[in-house]
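Okay, so chain A shows up in both of these, paired with chain B first and chain C after.
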Partner chain A sequence: MTGWFLLLGRRRQEDTVFLLTILLFLTFSFVLHGFLTTGNIIALLRSVALLGILAVGMGIVVIGRGIDLSLVAILAISVAVFLNLLGQSYPIGIALLLALVGVIAVGALNGVLTAYAEMPAIFATLATGTFVYGLGRSQFLTQDVIYLPPGHDLFTAFGNARLASIPVEVVVFAFILVGAFLWLRFSKYGRYIYLIGDNLNAARNAGLPVRPVIVLQYVVSALLAFVAGLIMAAGIHSMNTRIVNSSLLYDVILVVVIGGIGLSGGKGGVRNLIVGTLLIGILLNGMTILDISDLYQNLIKATVLLAALIVDGVLNPRDEQTDQQGDI
Partner chain B sequence: MSALIEMRKIAKSYRGAVALKDVDFTLEEGEIHALVGENGAGKSTLTKIMAGAVEADGGTMLFAGEPVAFRAPAEALAAGIAMVFQETSLVPSMTVAQNLYLGDEPFLSRLRGVQVAAQQFLQSLNFTVDPGALVSTLGAAKRQMVEIARAVRLRARVIIFDEPTATLTPEEKRYFFALLRRLKARGVSIVFISHALEEALRISDRITILRDGGLVTTGETPSFTRDSIIAAMVGRVLSGELYRKRDDIAGLRRAGDKALSVQDVSMGNIVRNNAFSLFYAQVTGIFGLIGSGRTETAKIIAGIYKRDFVRGGEIERDGQPIRYRVPRQAMQDGIVYVTEDRKLEGFFETKSIAENLYSGYLAAGLNRSVVVSMREMARLAETWRKTLNIRALESNERVVELSGGNQQKVVIGKSLVQKPRIIIFDEPTRGVDVGAIAEIHALIGGLADEGLAVIVISSYLPEIMNLSDRILVFRQGRCVEEFSPAEVDEERIMYAAVH
Partner chain C sequence: MKLSESLARLRYGLFPDHLVGEVLSKRWTDNAIPLVFLLATVIGVGTAIPDFFSLASLADASRQLGEFAIVVMGLTIVMLGGGIDLSVGATFALSAFASVAVIYIMGGPIWLALLAALATGAVVGAANGVLIGYLRLRAFLTTLVTFTILHAIYSILVVNFSAQVQLADVQTPIWDFIGDGGVAGFPISLIVAVLVAILAHVFISRSRLGWHVLAVGGSRRSAFNAGISVRRTVFMTYMISGLCSGLAGFLIGARLSGVGPGTGAGLEILALTAGVVGGNSLGGGRGSIAKGLMGAVIVLILTNGLIRLGFTSGTNQMVLGVVLALAVFLDVRWLKNRSKVLAKVYVAPVYSALPSTPSAEPDSGSPFALNDRLAETEFIGLGEIEGPEDVILDEDDNLYCGTRNGEVVRFLAPDYKQWEVFAHTGGFPLGLAFDRAGALTVCVGAMGLYSVARDRTVTRLSAETNRTPFSILDDARLRDPNDCDIAPDGRIFFTDSTTRYDAHDWALDSVESRPTGRLLVYDPRNGRTRTVLRGMSYLNGVCMAHDGQSLFLAESWACRVHRYWFDGPKAGRLDCVIAAMPGYPDNINRASDGGYWMAWLGMRTPSYDLALRKPGMRKRMTRRLPQDDWLFPNINTGGVVKFDENGAITEVLGNLGGHSHPMVTSMREHKGALYVGGILNNRIGRYRLEGADPSWTGMRSYWGEGR
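Right, the complex of A and B next:
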């Protein structure tokens, strides 16, 4: 048993996952009618892109040894409020700015709670997520689904835009991946996130600006959630806030964990996010074509997530000495 | 006497790296056997194989004449071989009695019943621990006592200690050695790993020396001397000057300008009205027992802890009052702290040597731009690997895979990159092999020669005596006495630290 895990570990987790992805893709292509059609591949890419953008945000936070459970709440409420402002005939620039300010504030709140108040990230972000949803739904929004008011052709045109027949979501996702790669690999603050995720006390003692960087990582993940929400709304011309109660958040965590970004922090990168996104995207798409009911889809996803967490626990064991209570 | 444990040609490798090769080891009935060697020599692996925590790749082991191959610590324990780890296997929030009977309680456990049984049992061992006390309130020595009692209660015939004295104060050590002798009188055989050679020489009946995973020699303790052990450990004869006492006043460095003035600094009950000064171009040694507030005071200076806001005292650096919220501010003012616990708060274990060194560089804002430069990082790593003589195949090697001495050098390098003016070394040679100790000592002296204000905190007196140009003694949260190393002996320092 351990021998098998060691084999996985030595070969790098993302390579194994990539292999699995290709296997799954080939299997679906041969077995499923309608999987390998242009229409479906485009649909697949679009859904993968949304999941992937969220996973980039989550991945950055997890590398810094945190977790952001408020991601989907931020996505839904920020965009719903934005659409609502448009409905009250605010100019699009002002609406965008207001929503952006709110998003940054919530991201910063997450960061301040974990970095300065030293709350465990899992509870702090769970609470802010619920708070954002509750506040948005009770104070700003009168119904669950907010529709894009007519007359915003630019916005809908953006949603339908194609770059050489590639949907705009995919283009944005690609840009974000490149940006995240460059930021994590070559910028000072990107490296700080790895160091903080590896050993927070050592980072603090070395004189790194630990707390500002933690705040920054939550602001970045909140912004990415907003971007994902805008793209979603541009495609379907509405935002359904019930998405907060869906399993989207768990899909995102699934992508991050299965891609091989260890929950113990300090490890992984954009490559892990790409393979994780592809595998989960293909799995979800294939299950939809197979017409597996939501109940069974959730069961399968939960099983895969559990398996991935177990493998993660074996490959990236949390150190007894550096582990903290309440730390995820 | 007859051999209780007999190991023949034990071999073990981890992912291709040889940890042990063809090691023979025998443990006689009722003896105290010391296992010494540099870090990475294979001592821990050998004892873990004995205790069933690690499986050997090759070789045989006989226990009381029977061939055995333990696959789990529980199997070894059932057979009568117990390993005592430092503190880790006790539950801090439970009482001593509960810990003693942990995993072995009757179905309907009554606290009183367990407590009475524990009381009687501890008395039979002549251990002075209150069975009703919470483990979290006990000191390191008493915790170890509980661990030992638990092993004895499980009828262990062999007890293995991995660096049992590292966290003990001198009095606690004396007490611990008395315990070992008492265990021996009860017929228990003892294996203990130690870095402190004096202890091995004083307490053991036999000594086994390992080097690079191989057996160097094993023999009766009286046949060894300190120097012969060191020679066998490092494979070369070191000059006996590692812990030389400096008795000529002329050889001491003169104090430069005043670097730091600490006045009435307090933090809770741990640091109380502490006051002392620090000078450039000098090594100031701080000696104190555990609980004397030496590490805490150092961390206050370096901004890691905050002193009390009200009546917290004053600290002045170069005549300017300072009060840091985070270590970053101290670092920018040229004050760095090299930790005593490098794994917990010193290095980044999944990162390479180069990136660890570079982290200090980045934190100090020395690279100016927001973009990091791999070339700069590689150059930095090459320079510092040479300066500090960090032994590794390449700069990409992960720090966690290095030996203790090389890890310590990386941690020191990470701080030196930041060009500090005041540097605090907390137990700079803890868990460091003999060869590296000499290098680190030379490095510390060199820093003072360059004009830095250097603090060395150590609970090892010979180290303090050898390195310091002046010695401060801490007791109960404050500096109680100052000595010149030329005019003082170890007894007087110890007396000041205790009384």
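Right, the complex of A and C next:
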């Protein structure tokens, strides 16, 4: 009985979640009027794409036994600063370059703090997230919402582009998924991330460049946050820095945990991210169609996340004897 | 003496190098960084804002501080237990709403409002506690999620009920007094916070449950293996944190006379920063309520200061982020490197010149000349015991010794083939002595002075002596009780060889050669222990002279033997009977011919004698080389010597090849044979003494012919 249960829990979590996703999809299709329409499906995919791109970034870090709580702050501030630079009539190339440099610097800072200063990832990224928001908001930006200045048709056109009627963000998301899959599965550094996440000391003893790889994973996640932010801004022509206080970060963690990427690292992959993203996307879309207010949506999402954590905790219990000290 | 040596002697004799290591080994040094930070914050903000510390300004700030400090103390207790609670802000807000709802919507009494707030906190704390303590979920993520759930509930409640609260026309003077009033100028919230602080401090530092919290935080696995209910303890910490947040919520509810959407927003980051900045270790075990309070003051001064300085929104977060990162960074580094630094700087050598001595070389004609007579010993318990530092025989000829496993082992007469564990004391049983009633008195290394009665019950006689005023190390504790002997009146004289090193690091004391050994006396009549002599260089063996009024004392690293009169006409006098020897003396015991046997645990070497005169060299050695490469005294060749009342050497027994007894730490004469023990040996040796009184026993010598 236990063996079967473990099989279900450890090997097949993404299958279970996938099954759940299909069930939810079918239920919503039958029950909810206007769920199974082309327009809604496209809207669903669009909203999911953004969450999914962030989840890929978070997923890579979590596989490497880290966590990136600065993701949304990077997204908001980098793009807001980028838009602000455009507003000060910088050419788009220069603005993009400057923003990119900033994003890479923050990602590297996260990596250096966790890998070299050996701070716990949650605190390091919590601190940088708070710092980045505070720095951007107080030093670079004068208001909460930064609008795209007129005259950047290329940028807006990008936001409205369609590839065979598929919105551009979905295409980008698909590209990122394929890229992440190939990178994690076949590249040297992708494999290193798994090894480091599985057992950092063993990886170090085996001669892996543990610290640079950890820095790399945070840089990658910061870059993905920037990409997600750009897509968001291209769609709505602005960036509201108050998104930092929203539940977006929890949604991203939710996707990763629900998808079955263990928080203890070394496990999971792109498949988990896809099923996690789909499940949460369908759930959010369904709740929106049901006209559940944001407040209650947050409550429901958080409760689902808690349930997911409890199930994860029951299926993969932590042992008093093997618990890592300070692993909170 | 050469000038350079005189200078070295002055330099290392006068300058207290050892204090650096002693201060670093104290837990209170953890407070140094937060304290410096606090002073810097106070000075920085105080100079930037001239009237920041004016009375009016302080009164307002202290009201805030009260609520904030209570939340931080709850979080501190959770952190001490190895967890973290990010739901404090939301709990705080929800509890505030609960109390406000009781007052303004239900029109209930104050006590009900307080109860509602506390109950809210308790429910949240219990939920967190069950999830993290019993289901063992990850504290950070779990409380992050409970935070979002609570925050969502709070937002829904505020949207639905805030109008009702604002429109309510309820006059409650006590409620307003709690919010705005104070006693003798101190706001209620601050007074409550002080009370909570005292309670929490006593709980953490003085109660069994508090120690359990620290144990679980310090090492979850060890706490679990020691039988502490880890899950219940963790549960309790979250419960306490919930209650603290609830109490603070009640106070803010009273202060604001209502709640808004922003109540408690960002509080978790502030409280977390306060906890870490104060110096409470992430991952638990290290920290205190005082540190939490210090952190709370720092963070509050900092954030209030920034607001007063009129910075734009966001600056606060920026500074907070930097402070949080810096605090966590320092915490991680401090924790990682403190023990390394301590290990490097703790050994603080002093100058020590051993007087020249007659040679111990075989056939050199000196009274100390070694021979190979101990090679003839027969072995007892070969390979079956580890580390018989001392050996002793009772009136039925049974042989006793301690082992490094913390046991007193008894070999049964007459052939000593069979043995049994006589008693388990723990620690490392070293010196042994029989008292008049036949109970075995044992000096247990790292623990204290113990007694094992004939029925094998183990009693602790003494584990501490009087503390020296102003000593940094706690020298009341017995660190290395080494040998004991018993006066005719029953008083037990025993040695504590060093106050600087633990028993297993005894050889390090030689590298340092700082004389910190002590002679102590335990008086069974009143159960007290008193320090008789101090400042001896690894005071080791102690033996009651045949006159019953004086003691022979061996100073290992000084290679000297003293005679100390504790009774009789010469009471209080200390004479040096052997001023120089080629070996490091260990235990001393009576011989049948009226003399005394003394063990040499090792022999002096010219190189080490020179090193002892070069404290700077030894200091550099301990700082720069791994311990395996250090120069240590030779403890691989020892022997036994016999001396008479005047300190003249009458007999030497050695083992040149080192096959039988390379080192000797103890020996007992019993019925014409000498039983030899060594702390690094795996055997006891028996050597037939030619011409010794075949009926002489230690028991009779001490306690009369009847035994």
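Please note the rule applied: the second predicted complex is superposed on the first by the 306 of 328 C-alpha atoms of A that agree within 3 Å, B and C clash if a C-alpha of one lies under 4 Å from a C-alpha of the other, contacts with A are read in each partner's own complex, and residues count from 1 in each chain.
Going forward, contacts are C-beta pairs under 8 Å (C-beta built on N, C-alpha and C of every residue); 3 or more make two chains touch, one makes a residue touch a chain.
For clarity, every value in this text was computed on a predicted model and none was experimentally measured.
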*Taking chain A as the common reference for superposition, should the pair chain B and chain C be classed as clashing or as fitting?*
clash
*Thinking of the overlay built on chain A, is A:Tyr192 touched by chain B (first), by chain C (second), by both, or by neither?*
first
*Check the residue A:Leu299 against both partner chains and state whether it touches chain B (first), chain C (second), both, or neither.*
second
_In the overlaid three-chain picture, which partner chain does A:Leu309 touch, first (chain B) or second (chain C), both, or neither?_
second
*Broader residue contact with chain A after superposition on the shared chain, chain B or chain C*: C
_According to the stated criteria, A:Leu279 is in contact with first (chain B), second (chain C), both, or neither; which is it?_
neither
*Which superposed partner A:Gly129 touches (first chain B, second chain C, both, neither)*: second
*asked:* Just checking: does A:Leu208 make contact with chain B only, chain C only, both, or neither of them? Give me first, second, both or neither.
replied: first
_A:Lys267 in the overlay: touching chain B, chain C, both, or neither? Say first, second, both or neither._
first
*After lining up the shared chain so the two structures overlap, which partner does A:Val56 touch, if you call chain B first and chain C second: first, second, both or neither?*
neither
*Set intersection of chain A contacts, chain C complex versus chain B complex*: 320-321
*asked:* Going by the contact rule set out above, which residues of chain A touch chain C in the complex?
replied: 113, 117-120, 122-124, 126-139, 141, 247, 250, 253, 257, 263, 295-296, 298-299, 301-303, 305-306, 309-310, 312-314, 317-318, 320-321, 323, 325-328
*Provide the residue numbers of chain A that touch chain B in the complex, in ascending order.*
10, 186-189, 191-192, 194-195, 198-199, 201-211, 266-267, 319-322
*Report the residues of chain C in contact with chain A in the complex, numbered from low to high.*
82-84, 131, 135-142, 144-146, 148-149, 151-153, 155-156, 159, 219-221, 224, 230, 269, 276, 282-284, 311-322, 324-325, 328-329, 332-333, 336
_Sites on chain B touched by chain A in the complex_ = 15, 88, 302, 304, 326-328, 330-332, 336-337, 339, 343-351, 355, 358-360, 362-364, 367, 370-372, 414-415, 418
